[in-house]
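Next up: some structures, all given as structure tokens.
The following pair of complexes shares a single chain, chain A, combined with chain B in the former and chain C in the latter.
Then we have the complex of A and B:
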């Protein structure tokens, strides 16, 4: 996965970039299965690797598929990124260890979620639909706004724009 | 509890690497579609940042069943499920903007757009 990202940063052919990002999403989905997040993995494979790739290909069809050579050297962004990385790693060293059962994340509300209060065996579904239903309301608002924005941007153009707006949902 | 060395924090280091790679693509590359891909790499690293602390060794996916007693933490899964859908919505909006810019300027390279803007400003300055 790390290699895929490095190739992403190097490649200048945008078609290759899109295919690589699809492969990256599938690798991410595999990793999520290994981390027990099966629902997230399924969504990532369908949405991240599927819909995103279709959207990117659609945009590529409308734009040029070759990236120009960068005019400035990559050193300033590289330096900035490395500085950010150093800070973040320094911060991450203060976080709980990997798979530590005493970490605060496992102590707060989650034991209650796991008691099956709403009679749905899939806890992720139970939390999503019952305990945190307002999240989904907010999510729907965002998706609706994005869809409205896309229609406003691409209306009175080729029918291709309409197709993209529908894919966004 | 938080005294572990690098091996215990390997997952965080991978996350940070992906995050920084996404950041680098966003800053260093001028092509708007490439920037959006970088942004989505950054976003997936945030998924990883949320999901990895929820994993428990020997735990299973949080689907209740009498055979299992240890489950991984379901709360980050829910949050990230929402984040993925919002992420694809913002990606679609960004791509729509890129397509629109392509129609207006004929290019999606940041430098060429800036150059076109400057040229227009020069012409207007000469006129007034």
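Then we have the complex of A and C:
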């Protein structure tokens, strides 16, 4: 993964960048499988590696395949990302140990989720669709809004509308 | 890519199985990993695959724009409708326990329809975005 990221940062060919980010997504999916988060891994493999690669290639079809030279030097963004990384690592140090059974997250509502009054064997599905139904409804609405936004932005205007737009300018 | 024999044959072989796998992920989500989001993406990917191999126009013939746009909205409506059904049957919004005489059965029924709604919306949005980008590219070539 580190190699993939370094190559991503180095290369200027956008086609290679898209393919590399797909490979990065697959590596991320294997990492998630190793963490026993199979549902998330599946989503990562399908969305990150599959569909978004296709969409990025489609976008690439519309523009140049070489990245433009940056206008300013990389130092300010580099400093910013290093500072953010330092903050995140500092925050992660305060988290309980990995797989610690006494961590607060395992004491609070999770026992009730695992008791499973819903009686669905896959706890992830139970939490997603039942215990947190409102969240998922919100997520679905977000996805719907994204689609509606794409339609509003990219729908081809009818010739009449286009003419009016030109006249407006 | 439309004239590549290997791609056409492999695509014809694989696409039914991809769609079947999407349905498996959808309906087996209660027992194993999976659910509406994943299944929606997989079934959209099958159609994107078809469009890449056989051309956008043919894909648009089996999944017309109007249908895709209807999918976009109807998924959210199904989800919200499950909530309203709970209200009508005397529970809270998105309360699945009242959907059937047996509370656990009601939960299963609620989760099932909610996942169907998620699937339809996600699949519709993915296809819509792909169609939008791909049809723009065609304009550029002409």
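Note that the second predicted complex is superposed on the first by the 156 of 169 C-alpha atoms of A that agree within 3 Å, B and C clash if a C-alpha of one lies under 4 Å from a C-alpha of the other, contacts with A are read in each partner's own complex, and residues count from 1 in each chain.
Criterion: a residue touches a chain if its C-beta (ideal position, glycine included) is under 8 Å from a C-beta of that chain, and two chains touch if they have at least 3 such contacts.
Being a predicted model, the structure only gives us computed values, none of them experimental.
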{"item": "Fit-or-clash call for chain B and chain C when the two complexes are aligned on chain A", "value": "fit"}
{"item": "Which superposed partner A:26 touches (first chain B, second chain C, both, neither)", "value": "neither"}
{"item": "Partner chain(s) touched by A:146 [first = chain B, second = chain C, both, neither]", "value": "both"}
{"item": "First (chain B), second (chain C), both or neither touched by A:130", "value": "second"}
{"item": "Touched partner set for A:17, first chain B, second chain C, both or neither", "value": "first"}
{"item": "Chain B versus chain C, judged by how many residues of chain A each one touches", "value": "B"}
{"item": "First, second, both or neither for A:93, with chain B first and chain C second", "value": "first"}
{"item": "Partner chain(s) touched by A:84 [first = chain B, second = chain C, both, neither]", "value": "first"}
{"item": "Which superposed partner A:48 touches (first chain B, second chain C, both, neither)", "value": "first"}
{"item": "First (chain B), second (chain C), both or neither touched by A:58", "value": "both"}
{"item": "Distance of closest approach, chain C and chain B, by C-alpha atoms in Å", "value": "6"}
{"item": "Overlap of the chain B and chain C footprints on chain A, listed as residue numbers", "value": "38-39, 43, 47, 51, 55, 58-59, 62, 121-122, 124, 128, 136, 139, 143, 146-147, 150, 154"}
{"item": "Chain B - residues contacting chain A, complex", "value": "1-2, 4, 8-25, 27-31, 33-34, 36-38, 40-41, 44, 47-48, 51-57, 59-65, 71-82, 84-93, 95-100, 102-103, 107-109, 111-112"}
{"item": "Touching residues on chain A, where the partner in the complex is chain C", "value": "38-39, 41-43, 46-47, 50-51, 54-55, 58-59, 61-62, 117-122, 124-126, 128-130, 133-134, 136-137, 139-141, 143-144, 146-148, 150-151, 154-156"}
{"item": "Complex contact set, residues of chain A against chain B", "value": "1-2, 5-6, 8-9, 14, 17-18, 21, 24-25, 28, 31-32, 35-40, 43-44, 47-48, 51-52, 55-56, 58-60, 62-64, 67-68, 70-71, 74, 77-78, 80-82, 84-85, 88-89, 92-103, 105-106, 109-110, 113-114, 116, 121-124, 127-128, 132, 135-136, 138-139, 142-143, 146-147, 149-150, 153-154, 157, 161, 164-165, 167-169"}
{"item": "Chain C - residues contacting chain A, complex", "value": "25, 29-35, 37-38, 41-42, 44-45, 48, 52, 69, 72-73, 75-76, 79-80, 83, 94, 96, 104, 107-108, 110-111, 114-115, 117-118, 121-122, 124-126, 128-130, 132-137, 139-140"}
